[in-house]
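When the chains are written out, they are named A, B and C in that same order, and each has its own residue count from 1.
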């Protein structure tokens, strides 16, 4: 019995972290896959969402010995935290987009990557607000069981994140496959032509960048709530951004379902590498982990050369 | 006899005068010379006034700025060469620097040879790596826009960085160099032969050598021509493929040297290069993408803005000012702020020229469009009925 | 605002200027277009026609001057607002939205579609559906009129060049424009399709729309336009009815390797060189001076010339890899010093360049850059030299000088093939002339023969 739930808890963990990545991938797909805005600062918007959630949701934690304390501690309900995370990330994304979305794809990538790195530096060093590398613990799960029950806890998280993903997917599908989404794809194909067809392309780019940022913020909230802990150095490193790229490229740019599949496949690879650790000799434990990241690198190169449209191609939209 | 043949070029003496005429400093050369003098004068004046105002110890930050600048300059020149010729941002560049440092380390520790030999081996190996990268990966992505090669280069970076980790060296290493002490000048201001002098000398030497390469060799001129106009370069008969391979070799061997210098002033670890990648990008963008001379200027701006911000940040960290914790840690954020400012107001760089066909749309107009107000270009309508 | 122009004109362009990097693409252009007309805009390559269209449509911002559309001043307005006022344009090279279907391309052209505003999707779903439905019906009607109906659900990238041109026009129609700027609507379209396209334009004009088109096809210009405006060097130099305007609309695309032919064969000294790499062509003795962008802007004048001889350079240090790509004939190789001496000698033929040998070519004027390009091509003694419109954008005095240089080059034993609008001057120095129209030979003969041919004189030499 104990072993059974252990495996299930583990699988549950895999599923809800995959869902966090799936939401990140959906946000990035909206920005890049649909509109051609190449965002390299995914980790930054993810971070804003996670920290906003942590500030809003956690109970008040005054500084104590060995803990510098952090901003907020408003003890707000989880859904309010989600809304705040989305608003904060979306607003910052819009601000970042104002000067940068008109830049060429490579400039945009460098500028957003720099933005995310600055945020991470701030999160690490501004201890009185973020608690620095110690991080913010104590984000309560959706339902607190008494006595604590790991299995039920994992299943509740799984259920909540699955419901969120389903809702998001349906909403995004609705807006991305609407006339609005069609304008986005037109911008990706040829911005000048789209402008000459009477569309204010700048406004669309601003909107989609903000919506994508808000989605990443939501992913940050979900991540903080499911892991119950926020810390800056590992969770929001640029490798998160790169992993999301692979997920979207594997799934196919401009294909929302593909992004979800890609997230499960690529995060599955990481999860497997962690599971494998128990079966390899000690001296190779790290090797397994780093080999995973090398595989991500190889996948990026091979896919971009041989199958840039992704494993699941973007579908042709037949209008009746 | 046709006026074109070489025999018809009149006497040697006349030729000599023509030569003199060809090398007579033109207004542009004179302008450049005076601008250079002015820059140096501004720098000297700036630091002299700093030293008189805050004491001579403040020059420690200037030395640190020079040190960081020279490393960033070497890296930025290498990065900008490929940016100019292949038209994409090489995100693997930081990890190529790491690779260079590790190869030198291997020679330095295992073969117990001086770091000089390590640097030489690493220089050559990285040149080959660069050629292989173009051959195996980036040549296949030609004409696919800027995003595809960026993605591929991130892949290359991940492979290098994690390959180094997987082989088992996640720990930090130091080069085996003679242990020497810092030479104190005044309390708080010292000079270290390896850390300071080496980086400065190597940085300067690479700057000069790239200038010689680009101005006095046919390969260098062909590189500039290819970066200017690929189609015309082909039509002129320049072997653009060979030029591209050469640019990769130069770019990656510069990465190796920059990585080794980075290892000399700090420690060697798998993320060392990636951590400075953005600094190098910042230098390239600030100076104007594709221009090696811009990279030098950008490197100076970035290196100095990072290191000279330290005393300011220290001041900000004082409890009686704003009491910013770990305030000096923010010095790495300063270059990005400079870079983003340049991207917004002068995307073609402070030394670059605006592209001929850029549709210049300024932030103010864009903002006004976004909020739906027209600040400068309101539609003006002739009377009610018109003509 | 201003007293100028007649009130009936639907479009008025008043002394509009635009320059790119020292070259004045549009230089004080003034013209007007009457409503419900088909007005042709003709002129040599590089006269600034396409730039003018981009200025009118708001894709470029003019450096000076005014543009009025239906009594609204539109210069400086963003392109999407200009479209909403009822002015739209098509491109010479189709800008189809590649990864979208033909029908999607068309529906996007509609000015008012509730669903294109994010909030409407949630607030007025009924209106969104209704708009979308009626737009699709309208798009299908337009497709029927343009004979693209069978392709409605194909990706735009799958269309042929001619079909893409039709798609451009169809999409422009969806914006319900009062004035349509067409950039070479029938270039690359087969004659049958071109005919029906022009019939369509006629029909639409009768419905009250105005067309302003750039065209090189003299049939279209002569038979379909009410008025013709001739542009040269960024200004209008003539206008009137087609019969009254006699200009030289010759356009020849170069056969050089930069543009790969889709069919046919190009032979050089008996060898098939179709689609060969440009560098190999240079090695075979075929040099080429493009019409624009023909110098390396960041290289100095001297360096530009040195690059011109790079295929003949021997390395001071013999390296095995330096063998590849040098001329097979060792006697024609030059050392670096010889190349430099030759460069200086060549520059002596261009006295106005001599004080500027160490200047960046990009900083020179358009005429000086043309000189540099010519000098660069003279570094090689090629067997054949292809020159694309050497006189484009040059003042008359400079044109004479360029032509005399070309005669000098020819005197050295180089065969010169040049594409030129200035037919009178070109034919005066040419051994043979070919006059091309829509890609086929129209007239052929020796220079003097052509100069005296009454037909040629009437059509191309201004009577």
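Criterion: contacts are C-beta pairs under 8 Å (C-beta built on N, C-alpha and C of every residue); 3 or more make two chains touch, one makes a residue touch a chain.
Keep in mind that this is a model prediction, so the values were computed, not measured.
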item	value
Pair exhibiting more inter-chain C-beta contacts, A-C or A-B	A-B
Most distant chain from chain B by Cα centroid	C
Chain B-chain C separation of Cα centroids, rounded to whole Å	37
Whole-Å separation of chain centres (CA-atom averages), chain A against chain C	47
Centre-to-centre distance between chain B and chain A (centres being mean Cα positions), rounded to whole Å	32
Residues within chain B bordering two or more other chains	369
Residue list for chain A, restricted to those that touch at least two other chains	200
In chain C, residues with contacts to at least two other chains	59, 78
Residues of chain B touching chain A in the complex	88-89, 91, 137, 140-141, 144-148, 150-152, 154-159, 161-163, 165-166, 168, 170, 274, 278, 281-282, 285, 324-326, 329-330, 332-333, 336-337, 339-340, 343-344, 347, 361, 363, 366-367, 369-370
Contact set on chain B toward chain C in their complex	2-4, 6, 8-9, 15, 18-19, 21-26, 28-29, 218, 221-222, 224-225, 227-229, 231-240, 242, 353, 356-357, 359-360, 369, 376-377, 379-382, 386-387
Chain A residues within the chain C interface of the complex	174-175, 178-180, 182-183, 185-186, 188-190, 192-201, 207, 254, 314, 316-320
Complex contacts: residues of chain C adjacent to chain A	57, 59, 78-80, 83-84, 88-89, 91, 95-101, 103-104, 107-109, 111, 113-118, 121, 128, 131-132, 136, 152-153, 155, 171, 175
Chain B-facing residues of chain C, complex	1, 5-8, 20-21, 59-61, 68, 70-74, 76-78, 81, 256-258, 277-279, 282-283, 288, 290, 293-299, 302-303, 306-308, 310-311, 313, 321, 324-325, 336, 338, 341-342, 344-346, 348-349, 354-360, 362-363, 376, 378, 381, 408-409, 411-412
